[in-house]
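Look for subunit A in each of the two complexes below; its partner is subunit B in the first and subunit C in the second.
After this line comes the complex of A and B, so read on.
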């Protein structure tokens, strides 16, 4: 798994690329928590996700819950088909706020 | 409101007299325009003309296809000479047709062109003849001849001739129209047959596979049917048999030989797995029945996705291009003549074979329709251009890269120069991944008895970093068993989650545990067995979490139950550990 963190309009945009599985989810969790801890709105770009498993989804849930406790914004953008299917299986597609584009996401969380 | 009765146009052959000539012309024009049966309409028209001009008899002559003979196709009145054939310049009819002029012979006994032979045969006594060519512009297709006027002196007048000329022209137009319509119908029929042939040809090509399948192909005919083809199909042992071929020539004869060769390959390829022998066998069959001068160039081979190994034979075809993982290109030239030339040219051992290991590289097989196709500036793509295109599109998936390459030649602004066919085999570098992940062992099936259904058997240690490789092997196996993309993804997810549970809960993250995965396939289900050797887990405590409870963890078991049709913990094996059985029912992508 690779990742990339940028900042735009005071929003942290973190892109996760590749497979988020049992091997890489601890790293994904660490990255997501670091972003949430910046205390700025966070957008997670999942367009480059090839595979995500329950441990990867768990990292996303933990980050979401941490952000919400602090009334922070946390949303997903450009969720790949494979990742969306897994979120749907977990019935989490309604729990997460999901935007089709980064622009929509920026407007939504700012 | 005043009702004005429209002037009634007489219909049917029972009306004998018209108020004027124009009325007859209008009626005949309408009959011809509406006619579905030109012969019947001509018969009716000739009868009307004969009656209207008060002739004793009438005959209609048409020139045959060669233009050298005149044949009587229709008669009315007292003369019955249907079927009579004259030379193209014989008699008064021949004279009128040759010179494209109308003639009135008031008294036949004084005309040197009159053929008395016919009268002698039929016993009819011809006194006076009226004859007008049936012509439109300069095209004369025959003539109408009337004989003997009823009553009076039995002789025709100049006014009669003028009217017959007008009626003949209208008949000529009708015949020409009918002949054109017939030609159009024939053209349309041939086109429909070609469309059907093209459809059958397309059905000979293999179905499109999902992106992760290692082999993809494309075939675009330059005309409606193609002389090129490609095919690939999985063998029982997981290897993939492939071929691509080009039949000499284009059009229907090439298309038929293509259909024959494609069928031979598919049929024989299922039992003969040595490409050299397979091509030799197809060669022998084609030679036995081939049409003189036609031949087939072909690359046929077998690719093993598990090892990346390719064995192929090239019979006179364009050299396939191998693009290795380091970016270097190698051409694989033909070492044997095309198929269908001679069965004697080939040695007993079959066609010579080439073997190579793709090692994460890609093999391109194509017809000259690709390398000799025109790019935007009007020049041919050539092999160098193809290499450049391959490099430019390296980041795309194999099928998308193939589409991008084809799009350079198959453009809207230009018709294809030749049939265009290409096949791509992309090796997913599993052997390299295996080297990077020591400890994952593919256990070969011995193929005995019940083992036939066994498609994959893996042994690997209980470490998270082995799962990526396991997923890719499972995905390839599912694809080869005919699972669709979604079913493959589901099977991958379930196996991955089940392995995680074993690693985290059974082995409690202890890295030296052993996991054995087996995938079996029968007609409509994939059966997965996952075995570990940890302490037997009390299956009663394993349950999917409540979904309303949004928290990390516990999702894996839910995923497994959601995507699989059956999930069962089997009784603990005698030597300890746990055995999980999962079943996924699949609908085949035929």
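After this line comes the complex of A and C, so read on.
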């Protein structure tokens, strides 16, 4: 898994690329928590994700919960159909805010 | 007799999710070649050949003593075959060492018939057990994963109960949650509906279909419940006395003219269809290759 972190309009945009699985999810968790700890709105761009398993989704949930405790914004962008099905299985699509594009995300969390 | 999976039926176009999809076109994740298995001197499986595809729900059926449970144990690499080979996720399990087998088992989930939960652990601890044994994930990540799986099997909030506090259906669902905690590529289910009332049984069937659709899992189910099999199966393999009698879609199975299949489907007992010659051979031991007594 690779990642890229940028900042736009005071929003942290973290892009995860590749597979997020049991091997790579500890790294994904660390990256997401670091982004949340910047105390700025966070957009997680999942367009480059090939596969995300439950451990990856768990990392997203933990980051979301941490952000919410601080009244921070945390949203997902460009969730693939496969990832969306995994989220829907546990009804997690109801707790994440999901945007179709980065621009929509920026407008939503800014 | 040797039988090989034959299936030409296409998945119906635009078929809704949560329904059998017919003959799959995914890669083969399990290949069984000329599998022979014995229990002592008795031959249980007789040159079985079968392929199971990625994302497919394969239901294995058969009467008592048909060899279906033995077949499942071989697919799960719990038994060594007398001869033949079983290839799982690209590896011949007969030639695997302990370490390779350990790695393979991380990609396989098993929901045992009785649940097989540890009575001294809470439901949550039972579900997290494979994560503790196989990963170095953070405790919080493991707890969230366990709660997610409990949501999936409609047991949200039950993580702190002991297995003895659950009903039979709940134990089955908790066992499912543990079986899928590592997001396995292949899920084996042994008699998931056994002992459950029709409503709970139907809910478990729905769960199996949802897991296939959402996670793309290959699911192998051993059951004797026809209604359940017809609801979930992309294909059915019917075993009879150690041979594959049939492999195909539900539609093909129902259309089969084979009398033995029809007898099994209609729940006719062997007594109704007794072959006197075969019965005599069985009584005299000829069927086991011992020959008639002098």
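As a convention for this text, the second predicted complex is superposed on the first by the 110 of 110 C-alpha atoms of A that agree within 3 Å, B and C clash if a C-alpha of one lies under 4 Å from a C-alpha of the other, contacts with A are read in each partner's own complex, and residues count from 1 in each chain.
Everything below uses one rule, namely that contacts are C-beta pairs under 8 Å (C-beta built on N, C-alpha and C of every residue); 3 or more make two chains touch, one makes a residue touch a chain.
Just so you know, these numbers come straight off a predicted model, no measurement behind them.
When both complexes are overlaid on subunit A, subunit B and subunit C end up clashing with each other.
By the touch criterion defined above, A:95 lies against subunit B but remains apart from subunit C after alignment on the C-alpha atoms of chain A. When the shared chain is aligned, no partner comes close enough to touch A:45: not subunit B, not subunit C. Judged by the touch definition given at the top, the superposed model places A:22 against both subunit B and subunit C. Judged by the touch definition given at the top, the superposed model places A:12 against neither subunit B nor subunit C.
Of the two partner chains, both subunit B and subunit C are touched by A:54.
With chain A used to align the two structures, subunit B clashes with subunit C at 97-105, while the other stretches in 97-105, 223-231 or 277-285 stay clear.
Comparing the two interfaces of subunit A, the one with subunit B and the one with subunit C have residues 21-22, 53-55, 57-59, 61-62, 82, 85-86, 89-92 in common. For subunit A in complex with subunit C, the residues that touch the partner chain are 21-22, 25-26, 29, 53-55, 57-59, 61-62, 82, 85-86, 88-92. Those residues of subunit C that touch subunit A in the shared complex are 106, 134-138, 140-142, 144-145, 148-149, 151-152, 181-183, 210-211, 213-216. The part of subunit B that touches subunit A in the complex is made up of residues 464-465, 467-468, 471, 486, 489, 492-493, 496-497, 500, 503-504, 547, 550-553, 555-556, 558-559, 562-563. Listed in rising order, the residues of subunit A touching subunit B in the complex are 19, 21-23, 51, 53-55, 57-59, 61-62, 65, 82, 85-86, 89-92, 95.
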